[in-house]
Amino acid sequence: MSNMVMVLAAIAVSAASGLPSLLSRSRAGQVASALVLGAGALVGVAGLIPVFGPSSPISLVAEWGLPWGGFSVGLDALGGIFLLPVFIIPTLAAIYGLGYRDVRDHPEGGRGFDVFYGLFVAGMALVVVARDATLFLLAWEAMALSSWFVASAESDKAEVRRAGWVYLVATHIGTLLLFAMFSLWKASTGSFALVSAVAMAPGTAGMIFVLALAGFGLKAGLVPLHMWLPGAHANAPSNVSAVMSGVMIKLGVYGILRMTSLMPRPELWWGWTLLALGCLTGFAGIAWATGQADIKRVLAYSSVENIGIVAMGGGLALLGRSLGRPTLILLGMGGALFHVWNHGLFKSLLFMDAGLVIHETGTRRLESLGGLLKRMPVAAALFAVGAIAISALPPLNGFAGEWLIYLGFFRGVSAGTGPGLPAAAAGAAVLASIGALAVAAFVRVFGTVFLGSPRSPSPSKKGNASRRSAEWLMTAPMLLLVLACIVVGLAPGLVLPAIGAAAAEWGGLRNEGLTLVGLADFSWTLPLALALLVLASGIYGLFVLSARRGRKTARPTWDCGYAEPTPRMQYGASSFSEFLGRSLSFVAVRIRKSEPPEGAFPATGSFSSKAPDPVLDLAIRPLASLARRLMPGMRFLQKGQTQLYLAYILVATVILLALGAATS
Amino acid sequence: MALAMIFLPLLLAGVAALVPSNGLRPWLLPLAGLAHFAMLVSILARPDLADWSPVAGTGALLGLDPLGTIVLAVVSLLFLFASFYSVGYLHHRMDRPNRVFVAGLLGFLGFASVVAWSRHLGLSWVAIEATTLTTAPLIYFNHSKRSIEATWKYLLVGSVGIALALLGTFFLAYSALKAGLPASMDFDTLSMNAALLSKPWLRAAFILALVGYGTKMGLAPMHTWKPDAYGEAPGVVGAIFAGGVTSIAFLAFLRFYIVVGKAGEAAFASRLLLPMGLLSMAVAGVFMIGQRDFKRMLAYSSVEHMGILMIGLGVGAPALFGTMLHVVTNAMTKGVLFLSAGNIHRAFASKSTDKVRGALRRLPLSASFFLAAFFAITGSPPFGPFVSEFSIISAAFGSGYSIAAALLLAFLFVIFVGMGRTVFKVLQGRPPTAESLGGQGVYRDNVLTIAPIAMLMAIVLVLGLWIPAPLGALLRSAAFSIGGGS
Amino acid sequence: MILNLFALGTSRINSVIRIVAVQGALLGPVPLLLHGAEGISGASVLAAAAAVALKGLAIPAIMRRSLRAADIKREVEPFVGFLPSVLLGAAGTAVALVFSTRMGSGGGAGSNLIIPAAIATVLVGFIILTTRWKALSQVIGYLVLENGIFVFGMLLVEAIPFVVEMGVLLDLFVGIFVISIITNHINEAFSSMDTRELASLKE
Amino acid sequence: MIDIIIRYLLFLLFPPVMLGIVNRVKAIFAGRKGQPILQTWRDIAKLARKEIVLSSTTTWVFLAGPAVGLATMLIAGSLIPFGPFRSPLGFTGDLILFAYLFGLARFFTTSAALDTGSAFEGMGASREVTFAFLTEPALFLALLSLAKLSGSLDLNGVLLGPAGGFSPTTVAPLVLVALALSIVVLAECSRIPVDDPNTHLELTMIHEVMVLDHSGPLLGAITYAASLKFFILSTLLLHVVTPPSTGIAALDWLLFAAELVALSVGVGVIESIMARFRMRRVPWFLTGALLCSGSAFVLLVR
């Protein structure tokens, strides 16, 4: 109970955290807001820790002025998993934001930004603790709207406005679908209270599942419902993108998991649907990511991919539940939840890092970046770690998470015969392919941004003291995140019990002998990491030694003896992904425009390729414009003739009378 | 009390006609508003309100039941805020004589009170027709060609519609006569022996009332006058129309619905109401997509919400609470929308999205309220309309009208898109410079034109989070008096 | 009720006004006749008198004035020709008869005559409203419509309290008054009474 | 214990010899006498003595590439059982780690290639990462099929499991798996027909073109790592195609070595009789591997 109060207090504090900077729109106010937010987060985390223990879920119901439902909130391990990032990451992002969007440099966007940022955080936290549909919707929309506000902070740019609009529309459809979902929920359970339903008509349950999948999937960014995600993430300020991608979209996943855990035994097709969607989302997401020309769009699409991985784990767990296989429930759900945490860590890290790059060079275009490692070594190192982690490569946390899901798939194979469960394990192959593509995508970004030599003379900003402090403010949170990635990667055992508890709770296995810790033995991670470290650094040391021996003469890359390799001859981002793109053309559309050089001494020659979003740019936008062209077609009904209007009245009367006569 | 609430405004209207000073006259509005509101409060304080029971057969013309109270409260509140606002507005429009304008507003308040109090369908009709006539000059305030046209259409379409309502009223009375009862237009008598009334005439009466009062509410396809009137009238008038006129027309229609329901014809009614409501929403959606004039857009939004009310009635008992609540929340939100839209209109001297840009920069306060009200009216938590709309939707799903509910949601989405495109064109981006707007008295927010909006918005917000117990009780008994249940 | 058809037929607005006036004047005392001696109370007499005064004299006067203001004599090329509209009117009357029989009339004394008459008049009013271009003819249409409703009202004089009946009449009167004011404004603003000019507001 | 020692001696010393064998076989096919079997070792030793030439564009990543590449191979080598001999440090789920270690190596080697800022290296890196997204799932499906057969979750169990249970039903899948794995070997170890280790036409190369600018010890490390990779994957393949163990340790070791030699010869033969695919065609070839292991998997779970 007391922790519940603490968490609620934390929510209240973060909701109010914007006030200082609203009252005094000065640097001091901005700093104060960040501090208040941080304080709230600390309280919240403190209140949160116990829920992962053996303690049973806490809940609290208070009377509420709305005609139905009460102000009922609850805390449990499943919620805790999602609540922890909600409290931690936005705080880090806020500190980062102090350097990234100094209110003195952004007077216009400054107004209200921190207010909505605070509301955003509070909304997300409330979503997780809400145990009543109305309260949930309230929190949900608070989250959606405030996130829209902070995401379109730079709404002077038309591009930002467009992206913001798409996001707003998408999130509104989501909310309407949730209206329907919760209405059905009430219709079948008799109340808006979100407590596990004992029995439910299969038809209704299936309908609710589909609606939840659609409504929450929009927020989570399941393909093809991801259309808002890349634009919104790319055009939001980087500290906001970090929170949106690292935390907010996970709450879509949370919604799906919460509803499925509340409903009685799921039907088989639910698990299949979620698994299939997960595979599609993961593969398509990363395939699209490899083609993007904008560093933040790459990260955004990779978020789609990661959501897909989480969904795969969830689907596996659902299958496990409907087939009554605890091992699959624990491994699948455990992997999903673990990945939720991991993605929160490294994706926010990467977005912050991208922000650092943008802050330094002022561009998001990969083609005009390059060779930044020499200029910003720390950022490069951090990005490298993040990239390895997000490509799920050992020995970092990304691998630890996916390892659980893989284990689940392999268990699925060895478990039982006949089609069905083993077939699901084919997901492992998809996951492997996703992993390989992730490596491709992030080598591409890391290579084009930090390695090689600069592709365009980027404006070198004067290094004054305030900028130093800004960089320091931005780097510190990233260091923490990297540290977390490494620690979790080396010793997953530290967090496994919490995740296991949550997974067990989701599957209703809270008090059974089988635990995730028992299923997944992570004792190998540390030795492996050490071995890698020792070997690699040893070899590296040898190289350095022999390099010392060599004559120190700086010479350009040999490059098969090219006379003058210029930066513009480097393999750019689009050329890097060209071959990959061609082999992925079955899922990733690429629009190429090229005029090859003609003749012996070609004057000109050009090639350009861009990767539109298949769903948004090739499906939705055309449909929308079609609708815009058709709608006015019906306007002839109202051309201003009074006589016509009066005729309408007569006609309406006659028709209604006819109707009335017919129905009587 | 009743007579005071009715005649004080009318009296003041007379005074307004006499007061010579263009500057002083507007202050009569807040005076009336405050007095009216004070009387309302004293009524609300009355304990026996929630369990009000009609005294049938007495042929008493006046009496205030929960339904009437709600509508009266809505009208009174809206008028109170609108009155202060219009003082600010009229001080900004000193160029135009406002004698007729002020008198018209006051007259509307008086006759609206009559509708709320009336126990007699004929009387209700008379009062509503009277509001039509008193509000017509309000639309005509600007004396431009366009405003004449709007007024003309409003008068003609409105009067014809209302005439049908009168015919419907007569039909109802005749249905009693036909059943051998003494022909009566006394609501309580009718609803008491509703079961005996002759069915065909009752149904015909209901349909005529639906068309007639539907015209006044602005249900498609009788809504045609609405965008013109709302578009040409000053914002404050739009607020009064969308919040007040529609509510009293809805009340008058409710009287018929109650009788029909009491006669056991609720199923018949909902068979007509659901299509009407959905049609209104569809039409609103079609005309909102790509709407350039943001005041006309608001008019269509009003059409949409009248449709939602109809759907709520059509769903029946479980949705009635939400429907009555929606009357309140919609009125309040529309108030915010129209008043802030009026400010924006003033500031840019245009109401077309081709000219209006970056209102958030130019008029931070008005624009912010406009934005908030946009989110509210499209049913986003945590605002009042969310509570009412969501309860209607869930009731619809709950009582087997799933298809209607799904359509409702679909239309809500289309309308959100249509409305949003216009709203954001208006709000975002870079505003044109004051010079390019032609310096003529460039408008800036002042306390008289902002405070009322802020208060209305506060009400909308509160209703989204917490419904005061007395209001809840009132709504509940109102819902019960309409059709039992919930 | 043949007057209705005349109203449709003639092209001279002036005469139409006269017809409507006569119609109104005739309608005034009808309730008294309907209810014979016992029905005659002070109230009803007063009501009847008022009706005659307003419909027979006042309104036509107003309309004539505005007619003179906008000196136009005849409804040129209406939306639907005169003969067709007469036929329409006839059809409307037929419909009215069918309707009233289907509804099953025959309650009060003259009801089986009055109901179809009323409905027919309403329909005719609608026809005028929807087929005439001139603002003033539309006003007339509205008036005819109201007359029709008033005819129906005959059936239930005793149901309508004095206040209400007065209210109805007053409303009607003021309505016509306001409308004619507007028509004058229209005339000034658009220098014609042709409602086709009034189509700038759409969508 | 003795097995462990033999194991590591074999693992650390033999791989370059295998490359030597391959080259020798190719030479013989080409009608030349060919280089000595130990040539690769000599190259490595020579390179180790040479100095490192660093381009001015490069950074620490350039050195990290070969280092991590070699380290990962060394670890992967100690995860997989050789012949009938269990790996020293097997654990549940190590096969996933095994597969992902190659990913880690790929990340660093390709990054190192991009670090030079040269178009050729970029091209090579691009191709390297492209093929992985087809070979990885093929490898995993193969592992899944084996896991299905053995019902085990660690490399030892998975790879040593099926050796016992040859049954008519499992023959067809096993053949398919073997096919898939051999394609994976050819691709991952950048042999013909996917890649040509000793062409000098940069535009056609994958692995070689990535390391154009690595010199001296770096190149040596890379070559050595490549040979280790070849060794490891061959071992993996051998597990599927070879007869069960005899039971006598010494004999088994000899047998294993012989198998390795045989496989190297086989690769040599393939390289000699086949031509490189055009780069565009390679994905289809790899898709073939995917199909093989996929159908094997389907056969098994059917």
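In order of appearance the chains are A, B, C and D, and numbering begins at 1 in each one.
Here, a residue touches a chain if its C-beta (ideal position, glycine included) is under 8 Å from a C-beta of that chain, and two chains touch if they have at least 3 such contacts.
Only a predicted model underlies this, so the values are computations on that prediction, with no experimental measurement involved.
Distance from subunit C peaks, on a Cα-centroid basis, for D.
Counting C-beta pairs in contact across A-C and across A-D gives the higher total for A-D. Nearest to the global CA centroid, when each chain is reduced to the mean of its CA atoms, is chain A. Note: centroid distance subunit B to subunit D, computed from Cα atoms, is 77 Å. Centre-to-centre separation of subunit C and subunit D, using mean CA positions: 99 Å.
With centres defined as mean CA coordinates, subunit C is found 69 Å away from subunit A. Rounded to a whole number, the gap between the C-alpha centres of subunit A and subunit D is 36 angstrom. Contacts with at least two other chains are made by residues 632, 635, 638, 640, 642, 644, 646 of subunit A. Counting only residues that touch two or more partner chains, subunit C has 102, 126, 129, 138, 195, 198-201, 203.
Shown here, the protein chains touch in an arrangement that is not a line, ring, star or fully connected set. Across the whole structure, chains are in contact as follows: A-B, A-C, A-D, B-C.
Per the touch definition, subunit D reaches subunit A in the complex via residues 51-59, 61, 63-64, 66-68, 70-72, 74-75, 89, 91-94, 96-97, 99-101, 103-104, 106-107, 110-111, 114-123, 125-127, 129-130, 132-141, 144, 147-148, 151-153, 202, 212-213, 216-218, 221, 279-280, 283, 294, 297, 300-302.
Across the complex, subunit C meets subunit A through its residues 79, 102, 126, 129-133, 138, 195-196, 198-203.
Listed in rising order, the residues of subunit A touching subunit D in the complex are 370-371, 373-374, 384, 387-388, 391-394, 399, 403, 406-407, 409-411, 413-414, 417-419, 422-423, 425-426, 428-433, 435-437, 439-440, 442-444, 446-448, 451-453, 520-521, 523-524, 527-528, 531-532, 535-537, 539-540, 542-544, 546-547, 549-551, 554-560, 562, 565, 567, 569-571, 575-580, 582-584. The part of subunit C that touches subunit B in the complex is made up of residues 102-104, 107-108, 122, 126, 129, 135, 138, 142, 145-146, 148-149, 152-153, 155-156, 158-161, 163-164, 167-168, 170-171, 174-175, 178-179, 182-183, 185-186, 189-190, 195, 198-201, 203. Subunit A contributes residues 64-68, 111, 134, 137-138, 140-142, 145, 155-156, 158, 161, 165, 168-169, 172-173, 175-177, 179-180, 182-184, 186-187, 627-628, 631-632, 634-635, 637-638, 640, 642, 644-646, 648-649, 651-653, 656-657, 659-660, 663-664 to its touches with subunit B in the complex.
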